[in-house]
Amino acid sequence: MYVVRPVELTDIAALEALAAVSMPGVHTLPKTREKIVAMVERSIASFAAHVDIPSEEAYLLVLEAPGEPGIVGTAAIFAAAGSNGTYFSFRNDVIQQVSRDLNISHSVHALTLCSELTGYSQLSSFYVGEREHGTAEAALLSRARLMFAVLAPHRFSDRFFVPLAGVTDSTGGSPFWDALGRKFFKMDFLDAERVIGGARNRTLIVELMPHYPVYVPLLPGDAQAAMGQIHPSGELAFNLLTAEGFEADDYIDIFDGGPILQAHKNSLRTFSGALQRRVALADEAPDRGREPQVRYAVAAAAEHQFRAVVTHCAALESQVNVSLSADVQEALRVTEGDTVICVRI
Amino acid sequence: MLVVRAITANDLDALYVMATQVGSGMTTLKPDMKMMSDRLAVAVASFAETIAPEKRDYMFVMEDTDNGRIAGVCAIKGAVGLTEPFYNYRIGTLVHSSREIDVFTRMETLYLSNDLTGSTELCSLFLHPDYRTGNNGKLLSKCRFLFIAQFPHLFTEKLIAEMRGYQEESGRSPFYEGLGRHFFKMEFDHVDALTAVGKKSFIAELMPRQPMYVDYLPQDAQDVIGKVHTSTAPARRLLEQEGLYFEGYVDIFDAGPVLQARVSELRAMRESMLAEIGPVMAGEIACAPHADASDPMLISNTNLSDFRMILSQTVPVNGAIALPEDEQKILHCQPGDSVRTLTLNPRKNPHV
Amino acid sequence: MLVVRAITANDLDALYVMATQVGSGMTTLKPDMKMMSDRLAVAVASFAETIAPEKRDYMFVMEDTDNGRIAGVCAIKGAVGLTEPFYNYRIGTLVHSSREIDVFTRMETLYLSNDLTGSTELCSLFLHPDYRTGNNGKLLSKCRFLFIAQFPHLFTEKLIAEMRGYQEESGRSPFYEGLGRHFFKMEFDHVDALTAVGKKSFIAELMPRQPMYVDYLPQDAQDVIGKVHTSTAPARRLLEQEGLYFEGYVDIFDAGPVLQARVSELRAMRESMLAEIGPVMAGEIACAPHADASDPMLISNTNLSDFRMILSQTVPVNGAIALPEDEQKILHCQPGDSVRTLTLNPRKNPHV
Amino acid sequence: MYVVRPVELTDIAALEALAAVSMPGVHTLPKTREKIVAMVERSIASFAAHVDIPSEEAYLLVLEAPGEPGIVGTAAIFAAAGSNGTYFSFRNDVIQQVSRDLNISHSVHALTLCSELTGYSQLSSFYVGEREHGTAEAALLSRARLMFAVLAPHRFSDRFFVPLAGVTDSTGGSPFWDALGRKFFKMDFLDAERVIGGARNRTLIVELMPHYPVYVPLLPGDAQAAMGQIHPSGELAFNLLTAEGFEADDYIDIFDGGPILQAHKNSLRTFSGALQRRVALADEAPDRGREPQVRYAVAAAAEHQFRAVVTHCAALESQVNVSLSADVQEALRVTEGDTVICVRI
């Protein structure tokens, strides 16, 4: 059975192996052993921490495949974006232009450098192996972050966002960058990302990026076309997140114009649909008759021992218990009478 | 002989005939009898000083005294932008610099502004094609500086002149196509016509308000910022000789430059001199400046309501000028009267 | 006698001693031996022309030849803002007008700008209290204009001078309290000290970027925009005599005015003249301008690396000047050499 | 029984009587007979119209008291705000100010003139008599507008907003206006409202109001205090709307700084909680035993014959029918087998 769980020190080698795989668009997964170790240690400390106000915590979850060593996926969530600074993005403003005298009415888009996403919780570093693409387990991995937030709301903001990598050409160039950031940074896209370390909270951003809105009609066609477009590698994440309730269109990345999905937790299906249930032992009989089976993501409701799996059971809306098989219970490290949270997946 | 003089009510018909010659590109001189007679009434009241200085519109005509023909026209508006907003783009500089990664970027920026509100404006210059020879163009353009030097108290400290912006031979304005069209969604000529008749609220409604980096514009739009229409280049040079400079303001539609000056710094203010009509003492002739004999003088009377000005070859010496009788007559002057004088062309800079 | 001359490496100790006298309010002349010797090295390289013009910093000292004391200092920076952004507020005008309900509102607006980037700057003027008499202050301030007139090719067309802004007797800056404090959350002196040492990234981080209507500010902050510190008023007047004007740029912290000029329009550029040291022909004395006997002349040599300037009562006549021998000596000149001359005070405007 | 229904021509006299009552803060209810007639006719035409895209329709609902002639309340909803123009408001932006060098971190609010609410559906003109204040019927009247939007979503935007009158002093002055609008309009608050006819979509707004953000710390204290504060007359509406799911804080009125509540329909309880049920006849017996009774707003699900009442019945979540008494059915003009929509109230 696939299990999602917090990263552990023993995963470092497996993460290094993953990092060796080319992952275009996943800028936030560290590539060097030193940085991987730092990220794992930070995650372990974050899970262990007692949090009053979300701050610099970063939680990294991994996906284990059944009967396999190593890990097949990663997904992270940062408690508060831009911690120790400001998270910059472009807000996609719409300006209504109306002249009654001239009978003109149209709207103009303008991109405004803004810091509104600062303090939101940020999902990032989502990656699953090719074999798991499109499976319920990929959905579980993405969602598990939000299930953890349901369990431990004090560790997170009420609002969440997810930047997805934007489109680049075959040489790693970005048409959006060429039309905007390059004019101020005077360097290539990849060089700029390298200089800034993928961050969006640095002083040099406020020093270099434009402070006045950029009127979109003035951008070249290819840059306009790239606005809000995802890198092909991000399609899976995009689909999972929009199905979850995240909205695109309001913000884009300041460097490559990639979409930034965002939502209030009340709009997210994991939050609105999470049910707390008591664990009961499932009948081992494979066929339970007329009761139709529904697929659920189930997570142990233990803040300091988070684990999640996918399983099938009867619809839970009008139940007080959830019946979990012995192996599911073992995977979650729960027993009868413990509490779990369940979300249809 | 040509005399430039204050316009009078009798000039209406001649002015109208001339306006039919003007063609497009000059929005303030259209062959529209109603507009024209309204404007003439303001001009007459301006010279008569019966309206407030900021409402005045001093129009001058150049008359050929040989045949009574009106050969040209020009004007000075007391103040612009006091009834309808007067818009320009101002070109500013913003520096984006990060010491941490050693980047220093200097960017030009366009700011929508009404900074020139209240300025005195030179405008409506037109010389009939039959008279486009010799010094006639200079005489017509520069007469206004002598007028200002004689009556500086009538004007604000800031003097401006809007120059027609660059257009391709086809009439296409690269600046408008690169910027304005995205927001106005109409042809350049249409926009131009609307502003000519004072309909400007659409600018407030449609024009982007936020400062804009010039670098966002297409290269051909960037290239013509502050560049004049080919036909306007000579007029620009004349104004620059008199102390007007391009200080970074341009037209919001075609990016044509606005030339500007402090009135107190005009060449006419610094160099023009009063001289009394009469004989020059023999002893002083030796000290006369070494004027180039071919460089004529602008000479005007000092009478606001009947302002008249000519070109003359006579040079004033230590406050006196031996002006020929026929020139005195054309200026409506007589011996003992003061006239104001200024070399038509700037003298070489004496400092080196 | 007092001579203003290019600074030399030997002046470091005297300069340091003087800097201890300066007190607060002048951020560019602090008694810091390291900063000062770095700056002196740049100044010496500037006069020696071993660094690029935009990096130069020409420092002048005023020396009392009677006792060898350094009585004052002043400087010209080749270009500002080319390594760290140079910020100002520019005051603009926006008109809000609705014909429909007949409202016409003209508002002043503050724009954060780096427009003056690259300008040549007059700065670091300090005259020792013992020498604050007679024409000494004028000599020290105006020596820079004669230097610019002699070597205009070394400077950009735009010349500026930042004036210390208004503060109450208590040291409170009404403009800073009304604006900057809301964003910087620290004392005025602290902000001032940070910028003095070139730490400017906090401006990009904390300063509001959007244009602001002056009307939003408290009245006492509005009232001091463009107003100089009481102690700076005389210095301002001297610069204005030479052709610098307040054109709407002010300091972002205390709203002190920036005076500016086109180099080509400076009085020194228009009126200063070269003259050859030697006897004046008797016949030409009659034609000499009617100079006020009490109005002295600024006279400098024409040597960049050993620039020296004095005040003299000798007047040049038609390109010659009969300079006394002791003055020639102080200027390191001899008969046949050219000197540059300019009346210390502007002549009355000749045009009326 | 109190009934909410569309306004009719016969209500004109009653509306005139209402208009004679002083209603501070309800600027949008017309005061003259001529304008009242126009508003009633516009509403009737709007209900009768076949709408493809929400446009200039304005729907006016009224509240009838049982056994009384006349009406005791009004509530309107405009299909698209700013129709024929742009609806202007101030967006309340938050700018994060961070200087790591100086260890400074704070946020600054700025008000930006924006047209984002253009095209949103706008609730307005809410008024109930004093006797009905705080009753379920007042809640019904406010909510009925959204129930109509649930029934006829094509007539409305996906987003709704409600401007509420801001605070004014005893002489009708507005501290917010004095600090901002007055500087541009050069007139008193009440004069400005008179000139502009309470509208927020006029060309003169874009001509006169500031185009650059107003930094809130620069406003005088009393103007800052007035931002987002409601006129006491608006408290009832404010409480009803925030309970419904509307959010304040994002926008304020450009004239008096009053709050503009707004929400996506997915966040509104009427939308998320509306249940379509078939009408069944209720048992006339007053006591139905152990089944607890819940209060519902019920509306006839007929787009062209909208009526709504408050009634009690058993919880409907797991029912297919709703039992309505004969008089409720009569009030709604429905019979057994018709469809109604029901929302807990």
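Chains: A, B, C and D, in written order; residue numbering restarts at 1 for each.
Here is the rule we use: contacts are C-beta pairs under 8 Å (C-beta built on N, C-alpha and C of every residue); 3 or more make two chains touch, one makes a residue touch a chain.
If you want to know which protein each chain is, UniProt gives these names: A, B, C, D = Arginine N-succinyltransferase.
Quick caveat, the model's predicted, so the values are computed rather than measured.
Interface comparison, A-B versus B-D: the higher number of contacting C-beta pairs is recorded for A-B. Taking each chain's centre as the mean of its C-alpha atoms, the one that lies farthest from the centre of chain C is D. Chain B and chain C have centres, each the mean of its CA atoms, that are 33 Å apart. Averaged C-alpha coordinates give centres for chain A and chain B that are 63 Å from one another. Centre-to-centre spacing of chain A and chain C amounts to 58 Å, using the average Cα coordinate of each chain. Under the contact definition stated at the top, the residues of chain D that touch 2 or more other chains are 95, 98-99, 101, 203, 207, 212. Shared interface positions of chain C, defined as residues touching 2 or more other chains, are 97-98, 201, 205, 211. Residue ranges on chain A touching chain C, taken from their complex, read 203, 206-207, 211-212.
Listing the residues of chain A that touch chain D in their complex gives 82, 84-86, 93-96, 98-101, 114-116, 118, 203, 264, 266-267, 318.
Of all residues in chain B, only 201, 204-205, 209 touch chain D in the complex they form.
Across the interface of their complex, chain C is touched by residues 95, 97-99, 101-102, 104, 106, 108, 110, 183-187, 195, 203-204, 207-210, 212-215, 217-219 of chain D. For chain B in complex with chain C, the touching residues are 81-86, 90, 92-95, 97-99, 104, 106, 111, 113-117, 149, 201, 211, 243, 245, 262, 265, 268-274, 286-287, 349-352.
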